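Once you've had a glance at the structure underneath, I'll fire off some questions.
A, B and C label the chains in the order they appear, each numbered from 1.
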Amino acid sequence: MISFAFGKARAARLDAEGRAAAQNRTLWGDALRRLRKNRLAVVAFFWIVMMVLVALTGRMWVPIIFGDVMYPDSTIAATMSRLPPSWQHPFGTDSLGLDVMGRIAYGAQMSLSIGVIATMISTTIGLLLGSLSGYFGGLFDAVIMRITDMFMAVPYTLFTIALLAVLGPGWVNIFMAIGLLGWTSICRVVRSAFLQVKENDYVSAARALGASDFRIILRHILPNSIASVVVYSTMSIGTAILSESALSFLGLGIQPPEPSWGLMISEGQTWLASAPWLVICPGAAILTTVLAFTLLGDGLRDALDVKGN
Amino acid sequence: MAKVLPDIFIDSNLPAYEHLLELDNLKVYFDTQDGIVKAVDGVSFTLNAGQTLGVVGESGSGKSVTAMSILGLVPMPPGRFADGDIRFKGQSLLAMKDKDMQVIRGNHIAMIFQDPLSSLNPVYRVGKQVGEGLVIHRGLTATQAVAKAVELLDMVGIPNPEQRVRDYPHQFSGGMRQRAMIAMALACEPEILIADEPTTALDVTIQAQIIELMQELQKKHGTAIIMITHDLGVVADMADNILVMYAGKPVEYGTTNQIFYSPLHPYTWGLMRSIPKRTLDNDQPLTPIKGNPPSLIDLPAGCAFSERCPYVQQHCRDEEPMMRLVSDDHYSSCFFSHDGEFLLNSPIYDTTEEVAAGALDTGTLADAGALDTGTLADTGELADADDSNYQSGGRDG
Amino acid sequence: MQFVPVFIGVTLLLFAMRAIVPGDPIRMIAGEKSIPETTYRIIVERNHLDQPIYIQYGYYMGDLFHGDFGHSYQKGRDVIEIFADKFPSTASLALGAILIEIVVGISAGVISAVKKYSFIDMLLTLSTSILVSMPVFWLGMLLQSIFGIWLKNLTGGAISLPISGSGGPISAYPTFLHYILPSVTLASVSLAFTARIMRSQLLEVLSQDYIRTAYAKGLSKRDVILKHALKNAMIPVITFIGIDFGTMMSGAILTESVFSWPGVGREIYLAIIQRDWPIVMGGVVIIVIIVMTINLLIDISYALFDPRIRYGSKKAD
């Protein structure tokens, strides 16, 4: 079907690219239409938008409404300590007399920034190594796959803990640790997507037309693998938020007085019997936010028709 | 072993019936997000013991859904029976309880499918799968069933059946898998065998053998066969009657002789023109049917074929044609089937190349999925038509 | 065998990490108290800490081959002994959790798939989404406060009593009861994933042609699902459960932390915090061995389920 005459070849190529672009547009347009019909995904999306707004603007308005949520006023701390939820303190106060809702709003900044940055790191590494591995195969592929095997043989939590123990706690180190260790799954996703797409006729056709490897990866294979990457990284933001909360819970993540949801749960554990809201509220914040990313990811997967779990 | 469900379809238990199988104005609709898909829209035919009916049409013409409806295998929802009836031995199958349908499936009416590899369960031995129907319907033990499976595999011409029953499907070749499927279908000696494109996925040389095997077994057991195909050539030597379907609707129904020697409907003519004719000059190009099958959701007003018909008139776009009797037992849905002059356009009378050239459009091939809006048609299908005809030619010669 | 490169890679990585960590681990453990110079020399020499790092690595691997997993800086015990103590707690917890995961996860997935798009399917799917989005340690605490505090009159438990799971097998109440909450907690995320994988696999299998064949043969829906669909759909599920079992056997740091469960995960976690490197190294090596062994068993079980692997995938045509 390929015409090898000079002018025609170029025309054919332009035509093929134009058609691929048009198909891509309709793919995303259709996906958006299907996504909008998924009520859970829409709710999840708005919940995420709200959380992002809280994270971005929280430091401006939280102190005005809830007072200082970082440093307790020692003179009144005793009377304010562990007040149950009320109109003034919807989620109650913690043992230092700080407002729990305000601290959760502060914590949103930590959780979301770490979730997003860690995912960006792991997606970039995974996308790069996965596509090279899938496209070129051979020795490079074998080495990368052994490395992912290695990462999978040691439980993820253990690895992040060890890495954080080496790096020391702190905001930057947390997303570095989560990001640097989280790339293996997305690498495998991209690699298998590449292996599938690579066999398609239009890639052979592009190669026959003399397109360079780089061009083939960029123009022909990546656009077709991107759907699974989008789905996967959406879900992985949620996973990264969970990891951050676990690390902070273990005392290796965010350090006080900076609030983090996981840290708040860890602090509240002591008062589980007498002041359960100290554990329940930050946990609910983690659950709803992660759930929103999970549901949005599910919705995207269905809308984009990506296979997998 | 397995408890066998009571069989209410033994002839002595039933009142006398006229036809073994009768479809009466069957309509199967699918409710989808985009609208109602009228997959089968008013199909009628009858089938008697030992007869063969060929059902011919492009993909998406509703022929497979028709077959699945007979066995009650159409997923409901989204599918539903909108109208009409299916009667097996005079009993309506649409009103049948699921337990009674189970008695029919594999026992009275059996089916073989297009792709024998994907139609066999990869994790069970062939013997177990071939004999499974006997366990369900005859109450055989697993061991007895496998012993019977050896006989069945032998009957369909698989060498070394004693060893082969212990093989898994992936260890069989394509032709052997289809033979195994046939053995599986015939295990309970059904009255009707429905074959849904049984040769399409096979090599050319194997296709002939499978057809021959089916004819042979039909003669031996008196099984009635419904042969579903996109290829008129496949049913030419086999069928007693032929039903041509287009976009879910029947367009022509008659005996094989009538269909081949005095076809009435322009769509049938189109199908015939797309078959390579070995009697004609090799240089004469094949004449594909112009355009693609319409979307079943958005059928054109009037005749469904009007948009692709080279002889279309205004009347065809205004009014929807019904199947009408043209001559004894020969039905057509074309308004002009009574018009002797119009029928001169038929390829049977068409000896001049100019007429063929008038309908010729090299841009498109005939067989594309009805719901597929893509412009490239399935080039494989034409190759298939090509092959099977070549091969049936070889058989005749 | 992918075992050797993975093994070497993991041990190298750990050695590299140890080398990067600032400070002298032995003095760090000693903390405020200064330890006698003779004791210090003994520890350094026993662990070859005065040698270059690659020599240390050589010694370590050599010792491993002789079954010597090293000696704790701090506890004065052999690493292998320490883990021999902790392993039964971890293994029993893992066993409990994997049973819950298999039973609940698989049945939820099957029900979901069979009743696709029904109310119960929606409910199960939403439940599994919630479970995978929940911090495990939080779930543990919720269960503790529900069954140990709120329902204490009903369950007869308080936060330190067996129903709460706290303290684990060495607590004062030697009963299976204290396994319930920790096992459920540990199983929660995994059973949700199992259910999701089971559902999608079964749906995928149910759309296959051979399922249509089975129906056409006259099998009932129940038999089609149980006899024809399930066996095919189980293969990826078994892989997941197997890998998950490996992870559970290597300790569950979060669950063990919430329930003060004396298991392998908590031991390694504490050793990391305390820079007791021989325990970390030994623990990770043991984990890698367990995980790789289980992976091998999964590969073998593949063959039992899928004849295409057992007989090679040679095609006759």
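Here is the rule we go by: contacts are C-beta pairs under 8 Å (C-beta built on N, C-alpha and C of every residue); 3 or more make two chains touch, one makes a residue touch a chain.
Quick caveat: nothing in here was measured; it's all calculated off a predicted structure.
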If you count the contact pairs for each chain pair, which pair has the most?
A-C
Which chain maximises the distance between its CA centroid and that of subunit C?
B
Express in whole angstrom the distance between the two chain centres, defined as the mean CA positions of subunit A and subunit B.
51
I'd like to verify one number: the distance from the centre of subunit A to the centre of subunit C, where each centre is the average of its C-alpha atoms, in whole angstrom.
23
Which positions of subunit C touch subunit B when the two form their complex?
208-210, 212-221, 223, 228, 231-232, 305-308, 311, 313-317
So, in the complex, the side of subunit B touching subunit C is made of residues 71, 73, 98, 102-107, 110-111, 113, 115, 118-125, 132-133, 136-137, 168, 170-176, 181, 184, 203
Residues on subunit C engaged by subunit A in the complex (per definition of touch):
2, 5-6, 9-10, 13-14, 17, 20-21, 126, 129-130, 132-138, 141-142, 144-145, 149, 159, 193, 196-197, 200, 243, 247, 250-251, 253-254, 257-258, 265, 268-269, 272-273, 275, 280, 284, 287-288, 291-292, 295
Residue numbers on subunit A that touch subunit C, as the complex places them:
40, 146-147, 149-150, 152-155, 157-158, 161-163, 165-166, 238, 242, 245-246, 249-250, 252, 262, 265, 269, 272-273, 276, 279-280, 283, 286-287, 290-291, 293-295, 298, 308-309
